[in-house]
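First subunit A sits with subunit B, and in the next complex the same chain sits with subunit C.
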Partner chain A sequence: MGFFSVLGDCFQILKHTFRQVFKRPFTYFYPFEDRIYPERTRGRHIHVRENCTACAQCVRICPVVAIRMDKEDKMYEKDCALYFDYTRCIFCGLCVQACRFEALFHTPVVDLSEGDRDDLIYGPDKIETLDRDPLKWRGRRFR
Partner chain B sequence: MSPDILDGSMDIWFGPQHVSAHGWATKLTLVGDYIVECDPNAGYFHRSAEKVLEFKNFRQGPLVLERMCMLEAFLAEYPYVAAVEKIAELEIPERAKVMRTIMMEMSRIHSIQFWWGQFNAELGFFTMALWPWVDREYSLDVFEELTGSRHTVSFSTPGGVKYDFTEKVMTQLNRAIDRFEDRLVKFKDMQLGSPTFRARTENIGLYDVKQGLKWGLSGPPIKACGVPMDLRKDDPDPNLAYDMVDFDVPITENPEHPGQSDAFDRMEQRFAEAETAVSIIKQLIPQIPEGDIVDPKARGKANRLPEGEAYARVEGTRGITSVWLKTEEKGQTAYRAKIRGPCIASYYALKDLVPGSKFADFIVIFGSLDPYPGWWDR
Partner chain C sequence: MIGGVMLQFDFFAWLAGIPDWILGVLKWIYGIFSYVFHWIFNVFTWIWTTIFIPKNFMFLFRAVIFPGLIFVVMALIWAVWFTRKLWGRIQDRRGPLHMGKYGGLQLFADAIKLIGKETIIPDKAKRWMFRFLPGLLLVIVLLPFAFIPWDTVSAVDGGWAISDLNVSLVLAFAFLTAVPVIALLAGWVSGSKYTLIGGFRAANNQFAAEIPMIISTIGCAFLARSLSIFDISMAQSSLWFAILLPINLATFLVAAIASVGVFPFDAPVADSEIIFGWRTEYTGIYFTLTYFAEFAEQMLYSALIVALFLGGPNGLPFLPGPVNFIIKFLITFFFFVLVSSSFQRLRQDQIVYFCWKYLLPLAVLNVIVIMFAVVYLPGLMLPLLGVG
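After this line comes the complex of A and B, so read on.
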């Protein structure tokens, strides 16, 4: 390792650093922007109430007892209301595999933080829709 | 040891708060800078997984196992699934066998990539800590694209696997493997050629085969002594596709101390392991057959098992990982499950291995055995 080879290595590193200056940053301006998640991402669930038959297979298979169902609450002929407790859910995907009527799916939404613990129990009003208030920052609307 | 030497001794609790302590606590007795006694204390990570398995049915069981070691989640959950398949006498489709093997080697690569970073960070070589972690991201991308989760993959189920390989998964897999294969040569050159790293690890934590087998070590810590002890060759699982590939058991033999291994040899052994895993995946990718990924009758058969006992084991990243399972007639859950993690042996090996070495070398010795606390407190 002579002096010139060390100097050459230094220039290699400097070249690399210089090139990065003009590149797009690798980081995202989270939470206002986010990366694209794969299709199979096991994020929060969505309950399609039209297809649901209240068979309770999702409730039975859940290893952490995160799902509760209310059979009294009916919108259609056979359906029921589902309550997901995201303080318990481990996103294993067994409930989605257990559902044979295409009534329960994972969505690629993974940011579920709330200010209050109780807000993480998603009732029928929250679990059946993906709508939420858009994130705003300095007058700009993101996501 | 005469008692007067111990008069000036000092007891130090190493962990469980220390970052390099991985969540364990070891009581060290020091005289000056030298360790004279080492007392490992397991129990800080106990989650009663064996008891939990008695309350989970056979499709929920693998979820508990994969949380034992998140870095090799697929390798960790496989023995349980294999034990269930043995009792239920399930047939596995050919496609699922190959997919399992590919995912197993991918988990191994991921675990080794993480360990390089962790071990180098403990030694203070932060450059070599972050570079393998860049490649680890690509491995995680494969897991995420395939299963939807980055760590807790939850991929295998009794009778096959849950998620099929899509074109996008194959693209990600090829990208991860090609990139890693390319960078592996540079890493090896950088890591093993570094004079600082050599000075820090050579002749540190030296033990021979006899001692290693006495402590019950398996996997890379024993293969680094030059013993080709590998379950992939010695006891090939019929539900995996290791018979379809041609590979040699990776071993490391150091001419300076034959039959013995130090921290440097164990690092070299990890490189050999990664090279073998890459070659196995590369051989298996063109051989993936078409067909089902799960036995259609498995779902019904795995609900209630007949009475029986089964023992399944697999060559994990850190050593032999095994599960013993006992079921009762028409049982929905296991009657008793016993998990054997590889790290419990390497943790208690410290009791004989560490005394006599310097305090600063303690973390080198322990880090080189690839500790993961989830494996010794079940």
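After this line comes the complex of A and C, so read on.
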């Protein structure tokens, strides 16, 4: 019955490809749609200035010296400005663990690439918010 | 005249005659020009009056615009897009998507790119044939579309079918047989070993697939008692031949795929073995022509399947014939692409074994079964065929 088993295999394959037509593609259309990252992804940080006490535990624990602190820049009573150097950061999460005052968190945002190396040093204007400039490419705007 | 002799040549009279002479020359030149002009103008008038007899105009319209050339080329462009999109879907990708909505303009971008590329003709190529063959290939593949029965009303009665002959099935196969010959010739005149191997592989494919393909259509011709594609599709007004000849439908589909030379029978252009088969040396616009010809051939076989097995323009009675035909054509083309994207490439000898050991007996089997059915069960069969 070799012929009929081969024919059956052929129809199995055809069934599979036919189903495949109506499935969602595996690839993401990246700049226009991003995949859903898990909630606890260690992406870029966000600094909540209201809760910060300028205790410098994050600066102290950071194994790659990626965080710099500016105590002169005060918005509230005893907070400070943080500068994150993402050319150095290894996303180990120790700074978030070290923060007792719920002032520093990771976010699931991981696409950090920039055209300029200096743009990867996130100053207080970028580290305190998730908003970012829209990216324009080939006349189209995304992000 | 005093003291003189009368001149035989009257100078002043001659002088006075010059304007008349010039006028005569001008009239003569004007006569030549007006003759030529009227001749050309009459040709135009003749063409004009001929075209604008409604019957002639509709024939021209059918041949050039709607079911004819422009429609087929538009459908071809659509088919390339559809094929790429469908391949993408089957392989969990997205297919073309950047140019236009859902990548619909991708083919135009590709065509512009390919046309803009340099045309390289190898030193060893026979130049004239090398330039001539791709265009000939596309023409030969597009010509049989004239015999596709797009409508239930024949061309003579003003329907949308373009034209018909009483041997159009044979003629369509005659054109389609020339395709691998052109592939072989193109492989030969390109002057490269890969193209030559690819050309012979194309010939091998045709050698394997043509006889099962033609025998698969014998059943339809028997049942319709005609070799005209239009008559065959008209004979299916009560019952599609796909119901009586299901195995022949399958064998025709597989043999058509083998004859076109797409997956899994793409040995002629096997790009991992022989660079791009018989199309290796073609660049730019010539490559575009061969690429289009391949898709046009797939479309032609899909249309033939619809006309021979799936009732042609017969279908839902409230829809016009061309719409019925095109719906069935789309579904058939979908399955054509689906089958041709499902299997791995077969080796040369496997193609021949497969076609001769399995397809040919199966095709003959169905023809024989239906012959016995017509002979021994005429009470059942003849009313189904609309004869009894």
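Here, the second predicted complex is superposed on the first by the 131 of 143 C-alpha atoms of A that agree within 3 Å, B and C clash if a C-alpha of one lies under 4 Å from a C-alpha of the other, contacts with A are read in each partner's own complex, and residues count from 1 in each chain.
The criterion applied here is as follows: a residue touches a chain if its C-beta (ideal position, glycine included) is under 8 Å from a C-beta of that chain, and two chains touch if they have at least 3 such contacts.
Keep in mind that this is a model prediction, so the values were computed, not measured.
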Could you classify subunit B and subunit C on subunit A, in the superposed arrangement, as clash or fit? fit
What is the angle, as a multiple of 10 degrees, that the CA centres of subunit B and subunit C span when seen from the CA centre of subunit A? 90
Identify the partner contact of A:Leu14: answer first if only subunit B is touched, second if only subunit C is, both if each is, neither if none is. second
Considering only touches as defined above, state whether A:Val65 meets subunit B (first), subunit C (second), both or neither. neither
Mind working out whether A:His106 is in touch with subunit B, subunit C, both or neither, as first, second, both or neither? first
Using the touch definition from the top, say if A:Ile90 reaches subunit B (first), subunit C (second), both or neither. first
If we overlay the two complexes on their shared chain A, which of subunit B and subunit C does A:Ile36 touch? Say first, second, both or neither. neither
To be precise, I mean the smallest distance between any C-alpha of subunit B and any C-alpha of subunit C in the superposed model; what is it in Å? 13
Counting only contacts in the complex, subunit B reaches subunit A at residues 56, 59-60, 63-64, 144-149, 152, 154, 162-163, 168
Subunit C touches which residues of subunit A in the complex? 3, 10, 13-14, 16-18, 20-21, 23, 25-27, 29
Given the complex with subunit A, which residues does subunit C contribute to the contact? 86, 88-94, 97, 338-339, 341-343, 358
Residue ranges of subunit A touching subunit B (in the complex, touch as defined): 37-38, 40-42, 61, 63, 90-94, 97, 106
